[in-house]
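Take a look at the structures below.
Heads up, the next two complexes both have chain A, just with different partners, chain B and then chain C.
Let's look at the complex of A and B:
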């Protein structure tokens, strides 16, 4: 089924920023992914949805470099990254967040954002600089404002509420000015109000930023994404605009567990 | 009925990492009662002890308190490197005591060479530089050796704490034998510079300025460490690494370099502690083991990986070490060492992760 997957999008002229080719991941005898193909175009907003165990997170981790696929290929901006560890991704302009917010609880919001910036700069000299440097102060403050944390700039991250931690994590991803953002269930555990803020932040991103999100929350996925890929049993089942996917009978079957009536 | 379907899971707001361990009530009461009882004993009741009640013999009390604080300074220097390394890398560096002793021996040799005599050096002949240069050489050698140990043995076993502990333990055995061969089995002593070898009069008691000098060095070390950890980007990376090493790496920060530097600094601190210890109490085979134990006790009381904890642990441990021989009834002075372990048990009963520790 090479290159005929439903997940192929209409070519928009430019090369895909992320290419996933025939990726298979086996955990022992379990096939978490079965030959998945996926192209993500620059500036595209793509959501991957699907029930538990569909392979969404595995696909995400393969793209993020945390899991090496058993077979297949992953390329970021044309560079083969199949076996490159995750720490190389930031240099390619790829930022990610985690399913459970991973912030540095002992550090202030400002310092958390600064570390994200320092890691992106990748200069070893960044380690020797004083942390009170005016440029980083203003950048961190701007980013904090974007994610509604301006008032918490000097609070330790450990004191933030869950929703605020997610905002901070998003801020750390945004701070580096990535071209590609990978968001692992950004809306999980958020209240309705926090979800609205999240959507607002994501909608305010520059149009050239590519966004890939794995999401359980259909509301968020359908509002952010231009294209939705539905996965089940380690395969992509359907892809299309949110409206198309919402109408798709296959999707109803997957989610509601009813047998196809057709 | 709740709709069953697409995940409704909501991670709780407090994760296991961020949860502070709340002290349990009964042990807190026991600890408080013990502290009050000891204070009353020391202040009013301690008849028949070497020092006598503090109300009758305030000079002895002040001197004992000074002993506690100054010894705590030495404990802090020895333990800070250990806790720094553990906090960031989760490596229990069993070779910490060996680095301590090696730095001491080397500093003694360098001092002998600088002064030009090998036995019975008179403090009056020792200039400040004759103490400071050996200190830096000894600690520098310890730091370099620590870095080699980290690069050759530990780096590729990252995250395998038991393996690392056993490897460093093996290194300890090898180093102990080699040091015995090279430096002999006799106790040797580093000589304090003449400029600080005086006595003060504190409420009618003589008190050695060298001990206060030692405390001064310890405070300087503590302040420098604190500035490094809180005011520089590398300190920030180290504190972040204590929270979540993997995430630091995921941000694209070269944490291996930070690991190496931290091990270097931690070993350097072990060396500074060794030179202070050799000036204070001498160096001999076995000093390595006893100072590894001292460092362990301090960081277990204070909480592994916490600098604040190392300071607090040093003060508590120093207080117990200084007060128990002075304020136990004379015929029981022999049991002073037991008080150390009573302190350890009491602290762990109240806060199982140590005073400032968090679950790993």
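Let's look at the complex of A and C:
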């Protein structure tokens, strides 16, 4: 298909950090993804936009290993990960957030971030409290500060407001210093102030960090992203720089048209 | 955590309870100590493993009583000499203890591994199936359960006098209680609570969810196996009927009476259960109102129903709320002089298992 090649990034010499090849996902009779092709280069800032039900979250789930594709292939850093479950991703430097915040509501903010660190360090089963654990708990405090949750460090995550939960999710994703971050609508439901802070955190990431962002908020998407991929009906429709995509009449028709009927 | 942090009112009350229990043999009758309290400690220890799995891992297990029985049967088979029922391996008592614990732990590992991919009601049903199958295994393979059970089981000489068995129960109960409580703050305990709250998120953070569930179930099996040994020593015998569905449900009921997410509740629930079964018949006029021995289960059922309606958190929840009601006016009065109701909030947090 002609439009899928548009989703490839401009060649930059190095190998892609994430390769999505002809990925199809079927939920029963529903095709959530129809042969999606996508290459993401190291250090790229990519926004995926598109109407609800376009398949954006499903694409993230496939990349992150939460669901295996019905057909096609996914590789992370050159390693085939198509059927590797999600728990192997942190070792490859991949971290993610979910569209609907998934925090551990019975645990404190500190322990939520601690678990992100422990999962990455593969320290899961110690039955004692070690100095490594103590260090990770103090790192958790630093991370909480980065996402403006220092005051809530010992509050149960279940008691956080919606925006704070999103900040916690972001903290859990950035805690381990991942090379690749997948953020599913991090700005949804945030206040204007919280949104500005989110942009601030994302802009402060090291340049070599690869960032994939699903975002409905065009302001956030276009400020962060170098490249924007537009999805509709399980396919990538267009890709290009924020300026190109904003001008694209095709995008306006698909995106705004569907928005209007939704 | 600081020493002051440990000095919460709850810990002081618990320490006082342990002191009383230590002195109990010189305070109470031998019957109360060796019958009521030993049984309470044994059942409490077993119920605490249900609480452990439910509170930390979100797994409600009906297989704990089966594992309890496995330990008892294995000890009986290994320790008895030829001529008795069962396998009559005739081993040294402590070798038999080791054997029973190893077998119970291995069985728990295998059963846990099979159940580790299920959650919620499916896990409950699967462990119920374990309990049913386990009962039939012991009922039908008479080589390992001795036709009609294994009888005349002696306890190791060290635990000969009944009061020593009481102290063994107390020691294991205190160790299990402290162990389970502090486990919540370890890497493993926190990971289990993460698995309870959101297994999918845990997997994407790099955790092997099924392995964590399996290890939790194995640990619970190990502890309940210790309880099973105490039980078979206390009873002096074990038969398949003692691990049938009835006793299995009673253990769950004990955990529910006490409060399924509170470790102290496990022993509290066991105490209430044993008290009812021991003393209900002695109450004056009790048979006149139609409560005969055969109807004790109905009474227990009504008590459970009442507690669950009044407080889903069981007796510990009721005590907690009463304390809150008693203290709140006092705390408000103290507000001007001291830091206000802060100490109360602190203890409330602890009960929720979210202590920092």
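Note that the second predicted complex is superposed on the first by the 241 of 262 C-alpha atoms of A that agree within 3 Å, B and C clash if a C-alpha of one lies under 4 Å from a C-alpha of the other, contacts with A are read in each partner's own complex, and residues count from 1 in each chain.
Following the convention adopted for this analysis, contacts are C-beta pairs under 8 Å (C-beta built on N, C-alpha and C of every residue); 3 or more make two chains touch, one makes a residue touch a chain.
A quick note: this is a predicted structure, and the numbers were derived from the prediction, not measured.
Chemist: Clash or fit: chain B and chain C on chain A?
Modeler: With chain A as the common anchor, chain B and chain C collide in the superposed model.
Chemist: Which partner does A:154 contact after superposing on A: first (chain B), second (chain C), both, neither?
Modeler: In the superposition, A:154 contacts chain C only.
Chemist: Given the touch rule stated above, what does A:106 touch, chain B (first), chain C (second), both, or neither?
Modeler: Both partners, chain B and chain C.
Chemist: Tell me which partner A:253 touches in the superposition: chain B (first), chain C (second), both or neither.
Modeler: Touch partners of A:253: none, neither chain B nor chain C.
Chemist: Which partner does A:87 contact after superposing on A: first (chain B), second (chain C), both, neither?
Modeler: Touch partners of A:87: chain B and chain C.
Chemist: Using the touch definition from the top, say if A:218 reaches chain B (first), chain C (second), both or neither.
Modeler: It touches chain B, and chain C stays clear.
Chemist: Taking the superposition on A as described, I'd like to know which of chain B and chain C A:73 touches: first, second, both or neither.
Modeler: The answer is neither, since A:73 touches no partner chain.
Chemist: Tell me which partner A:51 touches in the superposition: chain B (first), chain C (second), both or neither.
Modeler: Once the two structures are laid over each other on A, A:51 reaches chain B alone.
Chemist: If we overlay the two complexes on their shared chain A, which of chain B and chain C does A:195 touch? Say first, second, both or neither.
Modeler: Neither chain B nor chain C is touched by A:195.
Chemist: Where on chain A do the contacts from chain B and from chain C line up?
Modeler: Residues 86-87, 89-91, 96, 102, 104-107, 111, 114-116, 118-120, 122, 124, 126-130, 172 of chain A touch both chain B and chain C.
Chemist: Which residues of chain B touch chain A in the complex?
Modeler: For this pair, the touching residues of chain B are 5-7, 9-13, 15, 17-18, 231-237, 239-240, 242-244, 247-254, 257-258.
Chemist: Which residues of chain A touch chain B in their complex?
Modeler: Interface residues on the chain A side: 51-52, 86-87, 89-91, 96, 100, 102, 104-107, 111-112, 114-116, 118-120, 122, 124, 126-132, 158, 161-162, 172, 188-189, 216-218, 255-256.
Chemist: Report the residues of chain A in contact with chain C in the complex, numbered from low to high.
Modeler: Residues of chain A touching chain C: 64-66, 85-91, 96, 98, 102-108, 110-111, 114-116, 118-120, 122-130, 133, 153-154, 156, 172.
Chemist: Under the definition above, what is the set of chain C residues touching chain A in their complex?
Modeler: 183, 185-188, 190-191, 193-194, 196-198, 200-209, 211-212, 215, 352-354, 356
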